[in-house]
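Okay, here's the structure, questions in a sec.
Think of it as A, B, C and D in the order they're written, each chain with its own count starting at 1.
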């Protein structure tokens, strides 16, 4: 090792800073990461956020609860239905509004369809980040079917604003059930193709196995959640821990892995797609009859006090914390965003790895930037 | 020796990957039946959106150019983004002789609307509903501020919402 | 573990803690600012409470006081507690940092600083996380007025 | 100037009554013009083919607006690129920045000139043939390296450094495969290699096992030489934006873009020459007719180009250290063993 040391003293190497973002293909949105690099090795990652900060929490303090729901669409736009559902559930629990089973089942089916659409988009972009550009089109081909289902029933494809306080905006369209069944039959044939194309590919395995390892203790200490945390063995699925809507009437398995590397995070999401499909299958055939909306007062006021509602979105558990002083708009409304919590682990994951690994790690955390900046 | 083992395994996984893309290439090389491209500008006349699609807010006018809006400004209050302005005026109603509000202009700022649908829900008379047109791109911003009630239109006298 | 046992265990650590139970489904512990660090330390290390998951850290402007609300959860016992800390002084409000107890507080405390102006002594890299560095004022405070950006109807 | 009279010089001297020397120089200019035309047409066609093949893989339509099946789409792109302003970063190293694209163009043209399109259509049949092509294509590295260094942009610097490592290390295994094939044919001259294959059948058959191993190594190393997925770390979209040529625009970018596709053509042409009998028709059905060889040559090369495109639209990308371990730990040992194996096969006369 003698000359190694000799060379190290003679050749003066210097670390340099590289701004990855805010306009960069791998950051999936507008976020900047200041990398301290030694050649291609990363010494330190510091995410700089706030490029898309609209201060939704300040807006929510000036609008009524009904109007606050439509603002949550723009939080994590890939799981907009679950965000709406979170605020709706909170207000219903706080104001004591009882919703019938039909609404619960519709909300659960819509939530699982949103999770499927979000995971499909994640898979498509994951392939593109590691270099396989065709996965983008296969992922979007399947996601398009879900978007048509949403467009037909809720009226819009991404920011649906479908869940309201006391129910859902429209009743299910008459060929909703047929479309969902066609989609499930189609996607059951296509998901194994996802595995053949990317999961079993040796180049992809080499790019993701053993990269960005997080132990269960680290994940808990960082407060991480969602599939990213479940890949390290931390059972944090709110659908299991605090079941809401129709999740207690459905039996599904919480996917857990133990390796905690990038491939484990990838595998967890692929298996979650299978679980979501089985949940939809269990519910789609026996949607109970009933009103799609319960009668509610025109202006809804919450009693004094503070309320917390947690919902499992595609990225993790979204916490809605409201301090209410009895007026028609919340005194303080805080969104505990899952992607913001998952950002804590990014530095530990990528110190000592290469730029290409940072792109893979960032893509397996499945970050949606508006969810971070709010 | 695992040296050759993982080479063989590697080529096997690479070939299965190529089999998937190859299937899509050769199966519909001539039929092109799986193609998902929608040639948007060309299919503009045959393109029909779903009936619940939220293109823009429009006001319902019946055959003799009359609408149901009696300027109660419920939609203006319900809108979270302040994209609806109602310009109304008072006039003496002939039969009852009492002053009655009537709608002059229902100004709808399309560029501020987030398509949340709270105005359509709040309207007691179902005067406004969803239009399916989504071609909103224009050259100047002024044309995005639309007046929903057509010129020369008036309120249907004595209209009561059957549902309420 | 129910709220009452929690109350007894935590109550034994220090006298000037006040417990509130109505108005929220979790036990609320109001902690004076100077005891924040060692109560947090005990909450995490004590075997019966074992609060190791900082779910969320929220800055709140109560009108006269500025406060921080900690939602802390235990992944082993599956119960949650709400810890609140308040300060009167609105010019330079500051608390001790808890980043070394729960690493999840790192960005959350920067966010509380950025939007409320609450400083955390001992925080390694306290900076404005969302807004520009030269932004005047703390947006989420109730007395924040900004004619340009805020359309108040 | 003892130039053997080619068709062009005969034509010039008899009809145009030029002196021998003048005819020689005019011939060189004519051949250069022809090859520039071949370079441009080839580049445009390959870009169009890549976009159509990619579309078919990805369930899309691909270019179909300009001309039937979008043939003139790439011509339109080229015209657009020509009319674009040549921008560049302010603190760029002016001289190196402007000279870099010409390295890549010149090397691509030089390699193109030596390829035996058919018995008559071969511009320079120098007896170093194969060795000349590898040495020329190693000069292309300088063009990419300079672009990365001179354009004063950290992402393109990283791209340039990656290209330096990648292309130099993969030349080793291409060189060794060529040495193996030279052992089999006994000559480096391209026309003699094709002549050998005329009697003994295609090298992939006559050299059987070592030739097949050589072909697989050559395909892998060739894809890496031309910076194509799964080795496209040099302009990895998701990591470096567009890598070394991100600061180039207009005609400079067009040079890099076309040169990349022509390099791909040269690599597949090399594979066709070394393994599939360049312009020889299968079972020698049309070997007698002059000038028909070109069609066979182009069909075979486009077949190999299609396989390389298939690689591109299926595989993810390597990481820089995996790329080097693949080369130094797997390809070089195997290609060395392959040379020994080929030598033994040739020595024992086991070739068909």
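Basically, a residue touches a chain if its C-beta (ideal position, glycine included) is under 8 Å from a C-beta of that chain, and two chains touch if they have at least 3 such contacts.
These numbers were taken from a predicted model, which means no experiment stands behind them.
Graph distance from subunit C to subunit D, where chains that touch are one step apart, equals 2. Centroid analysis (C-alpha atoms only) places D farthest from subunit A.
Rounded to a whole number, the gap between the C-alpha centres of subunit A and subunit B is 26 angstrom.
For this pair, subunit B with subunit C, the centres built from the Cα atoms lie 43 Å apart.
We define each chain's centre as the mean of its Cα atoms; on that basis subunit B and subunit D are separated by 53 Å.
Counting only residues that touch two or more partner chains, subunit C has none.
Multi-chain contact residues, meaning those touching two or more other chains, occur in subunit B at positions 14, 17, 20-21, 36. In subunit D, the positions touching at least two other chains are 57-60, 313-315.
Contact between chains, using the touch rule, shows up for A-B, A-C, A-D, B-D.
Residues 53, 56-61, 310-311, 313-315, 330 of subunit D are the ones touching subunit B in the complex.
Here subunit A touches subunit C in the complex through residues 46, 49-50, 53, 55, 57-58, 62, 220-224, 234, 236, 241, 304-308, 319, 321, 323, 332, 334, 336, 340-341, 343-344, 373, going by the rule given at the top.
Interface residues of subunit B, counted against subunit D in their complex, comprise 7, 14, 17-18, 20-22, 24-25, 28-29, 32, 34-37, 39. Residue ranges on subunit D touching subunit A, taken from their complex, read 54, 57-60, 154-155, 158, 229-230, 232-233, 236-241, 313-322. Those residues of subunit A that touch subunit B in the complex are listed here as 63, 66-67, 70-71, 73, 134, 137, 140-141, 144, 148, 151-156, 159, 161, 169-170, 173, 193, 196-198, 200-203, 205.
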